[in-house]
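Common to both upcoming complexes is chain A, partnered first by chain B, then by chain C.
Moving on to the complex of A and B:
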């Protein structure tokens, strides 16, 4: 079920009513209902995927208990390896099998081996929606128990809900057991302000997705799908459209997820913090897909030694998390190069100890940024746009062709496509984002000091815009990851 | 909580009110029964589900009409006119029913034939208008206007109605719908479907549509009609092309069911493979299967490059051929018997 569909528009009030009016008296019943509805939400795509989700949940639930109950280090490690192995095995099979089969076959052929089509058969695999997200939920839980940061959960419904809670099930944020589980284990109370803030966040998320991302998607797709027909300036415009598409799409999804969860009195981890106002790449990565970045930091970067070793260890570990992050997005060299490029951007900051220069919010307490900040934001944004070209391209050849065309004299040629409406929408969108950048999301306090009717009119305008631009039910980019 | 819900309901009221509006307007004519689902002459403000109309209209009339002859197919079958066909099968036109659907599939036709059997409606004569795309379809399409009538598909009527409501709950649809109802209709769109922009004459008794205005337009404009539509009439390959085989186990089963029902009814039937503008021939494997199952004398393949598909003037656009082609085909397939 998509957040931007009529299905969800009917599903959410139903769950809300069941949650606060029917099952509220008993926590176990309320959690059980949420779990059932989460499975309905997920099964809406394809009920067969539910078996994989249930299997993964059962595996981690029992492995967690086994690890927790055992004092024997070998046995603890056995359950840890078993759980991680099977989880990553599933992820690897569904997401990466064809990639490795094709690449390994090609390598053997280049080495002179006779490879027929059946040696590494490419098979039709349907990627279960959200598998990367719920696998990472389970992994963090198991690793945390192994590291004795948390005890195992014995209540199956609570654990299953932690993994499959519908607002975050298919595209995150990637939650931690330490943050979400305690909220699921205590009764929730309806909080008017929290619920209203949640609705505002849902509205802003829908605006980002339906109005901004889907409008940009049309032109980004048109330009990228026919990239050979366009000059450098138009290709750069296409990359810009994709830059706003992916931000509107993914951060919009996260806002709807967080807002939805607030309606149930449950706070989820923040996933985006106005990344396009970052002054360097390190800041960008503290503000983009935060739950994934921190996941990799805690479960990959730090275990590898983090920043404690020498310079080269830092470089190695940084490359490792960026490459793995790229690969996490999908089985394509374009994602790996995207990760590599970001690592290249990041390394100079790390080596010069400037990676934590911009911890605070840009131009905090001021209306406008300084000239220096504008320059830094522009450079960071430009570097990000270039990296997104790899992310969006079908393959490395296309990405390279686009880049070489952009960095040619054709960049100075007139635009072949100049859609005014989406560009105006982007300006409006970024203006609101800028004004709200000191808050959790742009609309959190925006307009709260206005006359209530004016504020209501503003919300109504946004709602009508969402309605006007909706109807296509475009899926979210991150569902494929 | 009360304050929260009250404010939320008030805010969303305009969107919630769309539901009663849908019930009152019934834009797709799926909520109530109608004597005729299309205006006798004109265009519908909404794209109406022809599959639903065909079945609903049949249910409304079959007990008094005594239908016993049926034309099955997609919108490409529209131009096989009942009056013309009835001459060959020697049946009164009023006992013939054009049981078609937009984007019809083999799944749809096999369900319809089984439905007729379940309703104990005799099938004395049948004309099946097939093409590659129709044979390929073995599942219910997703678009609301291609959803099969629940009585025929056996699927949930809640899902059927929900899909129609979803189609209504859409700004673009609402804008077009109310413009068509109360505003100025858009001028002829060259690549729009026939029924969207051209007035049709609808006869509920035979469930048949005629596009006389369109014929008149072609007669008036002549070559200009085709010159204006060069983008629609794409350039065709000069070398013969063949579609990939589409009849697999599912289709085989559906076709066998159709054959069994025809046999049980001792029906006289013909199967036509349409002469499509693309000039791509039906795969020989598929043709062979059809001929083996139904008999060579029953299956007539007009796909590929031939005298029907060469003249552009035989087509309204790239998808639909004109009544003159259908008339000639009827003549060929029924004279072949004698």
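Moving on to the complex of A and C:
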């Protein structure tokens, strides 16, 4: 079920009514209902993959208890390795089998081995929606128990709900057991302010997705799918459209997820913090897909030694985290190069100890940034746009062709496509984002000091715009990851 | 909680009111016949799906305009026709493509399947009467609901941008013929499909016609009645088909249906019109060369058989 579908707009009020009016008296019943509805939400897409979700949940549930109850290091490690191995095995099979089969076959062929079509058969596999997300939920839970940061959960419904809670099930944010589970274990009380903020966040998320991302998607797809027909300036415009498409799409999804969860009195981890106003790449990565970045930091970067070792160790670990992050997005060299490029951007800051120069919010308390900040934001944004070209391209050849065309004299040629409407929408969108950058999301407090009717009119305009631009029901980019 | 629910309810009510106002405003503005007015020289119109779209050249056939459009079922043709005739009283003759695949069950999908419904409702949503809107809604509520905002935005953009000629903007169909001929490359594909058609034809009996299409022909009836009520001459017409066209396997059924259901409606049959291989785009559509040949003959035939009054 898509957040921007009609189905969801019938589903959400139904769950809200069941949650606050029918099952509210008993926590176990309320959680059980949420779990059932989360499975309905997931099964709406393809019910067969519910079994995979259930299996993964059962595996981590029992492994967690076994690890928790055992003091024997060998047994503890056995259950940890078993759980991680099976989880990553599923992820690897569904997401990466064909990639490795094709690449390994090609490598063997280059080395002179006789590889026929049956040696590494390419098979048609449907990638279960959200497998990367719920696998990471389970992994963090198991690793945290192994590291004795948290105890195992004995209530199966609570654990299963932690893994499959519908707002975050298919595209995150990637939650931590330490953050979400305690909220599921205590009764929730309806909070008017929280619910209203949630609705506002849903509205802003829908605006980002339906109005901004889907409008940009049309032109980004048109330009990238026919990249050979366009000059450098138009290709750069296409990359710009994709830059706003992916931000609107993914951060919009996260806003709808967080807003939805607020309606149930449950706070989820923040996933985006106005990344396109970052002054360097390190800041960008503290603000983009925060739940994944921090996951990799805690479960990969730090276990590898983090920044504690020498320069070589820092560089190695940074490359590791960015390459794995790229590969997490999909089985394609374009994602790996995207990760590699971001590592290249990041390492100079790390080696010169400037990676934490910009911890605070840009131009906090001011209306406009300084000239120096504008320059830094522009450079960071430009580097990000270049990296997104790899992310969006079908293969490395296309990405390279686009980049060489952009960095040629044709960059100075007139635009072959100049759609005014999406460009105006982007300006409006970024203006609101700028004005709201000191808050959790742009609309959190935006307009709250206005006259009540003016504020309502503003929300109504946004709502009508979402309605007018809807109907296409485009899927979310991050569903494929 | 009470305060929250009241506010959500009120906001939703205001939102629905705003949408209704916008919708009413668009319908009102588009009810003006001036949007749909054609050049006074247009006395004949051609309607139908891609067969009509590709076959009848309105630059060759005098005083005509082709409104054929790919993927159009009679339901949407009917909506279009009503507005065309009411806004253009000078139209004297309507030629409706009536061919073998109009009997297929697939034609019902062309009316209610999501992508078709959304595509057509975007353009004709404001013309459809409530009873027929309910029909569509019942058949595919989700697609219908999704099509409503698309229809509104489509025409808000039309008014906002002050776009060009209405028919060009709204794309009500026009003569479009390809210069290509793909017969050779398609021959192998269609020869395998012919087996499927042969299998299906065994179950296809004249009495089973409404099992194939349940409502496409209902709206052909509406089209015929509407024309008759306005004293506009209606003619069924069938575009040329390649001799190897497998879709005409239901030909005996087709003729049975035509003679039984529409005995008084004239029928111009060009299915076997002699054309060379290079006059076809594929087995069921003529290309520009074929269209030119056909249109020259058709123009002279219409002048003789269906003269216009000026």
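Things worth noting here:
Note that the second predicted complex is superposed on the first by the 481 of 481 C-alpha atoms of A that agree within 3 Å, B and C clash if a C-alpha of one lies under 4 Å from a C-alpha of the other, contacts with A are read in each partner's own complex, and residues count from 1 in each chain.
Convention: contacts are C-beta pairs under 8 Å (C-beta built on N, C-alpha and C of every residue); 3 or more make two chains touch, one makes a residue touch a chain.
Note that the structure is a prediction, hence the values are computed from the model and not measured.
Partners chain B and chain C, brought together by superposition on chain A, clash.
Of the two partner chains placed around the shared chain by superposition, chain B and chain C are both touched by A:6.
Of the two partner chains, neither chain B nor chain C is touched by A:81.
Residue contacts after overlaying the shared chain place A:107 against neither chain B nor chain C. When the two complexes are superposed on chain A, the residues of chain A that touch both chain B and chain C are 6-7, 20, 190, 192, 195-196, 199, 456, 459-460, 463, 467-471. Of all residues in chain A, only 6-7, 20, 190, 192, 195-196, 199, 456, 459-460, 463, 467-471 touch chain B in the complex they form.
On the side of chain A, the complex with chain C involves touching residues 6-7, 20, 190, 192, 195-196, 199, 456, 459-460, 463-464, 467-473.
By the touch criterion stated above, chain C contacts chain A in their complex at residues 1, 3-4, 7-8, 11, 14-15, 18-19, 22, 118, 142, 145-150, 152-153, 156.
Touching chain A in their complex are the following residues of chain B: 1, 3-4, 8, 11, 15, 165-166, 169-173.
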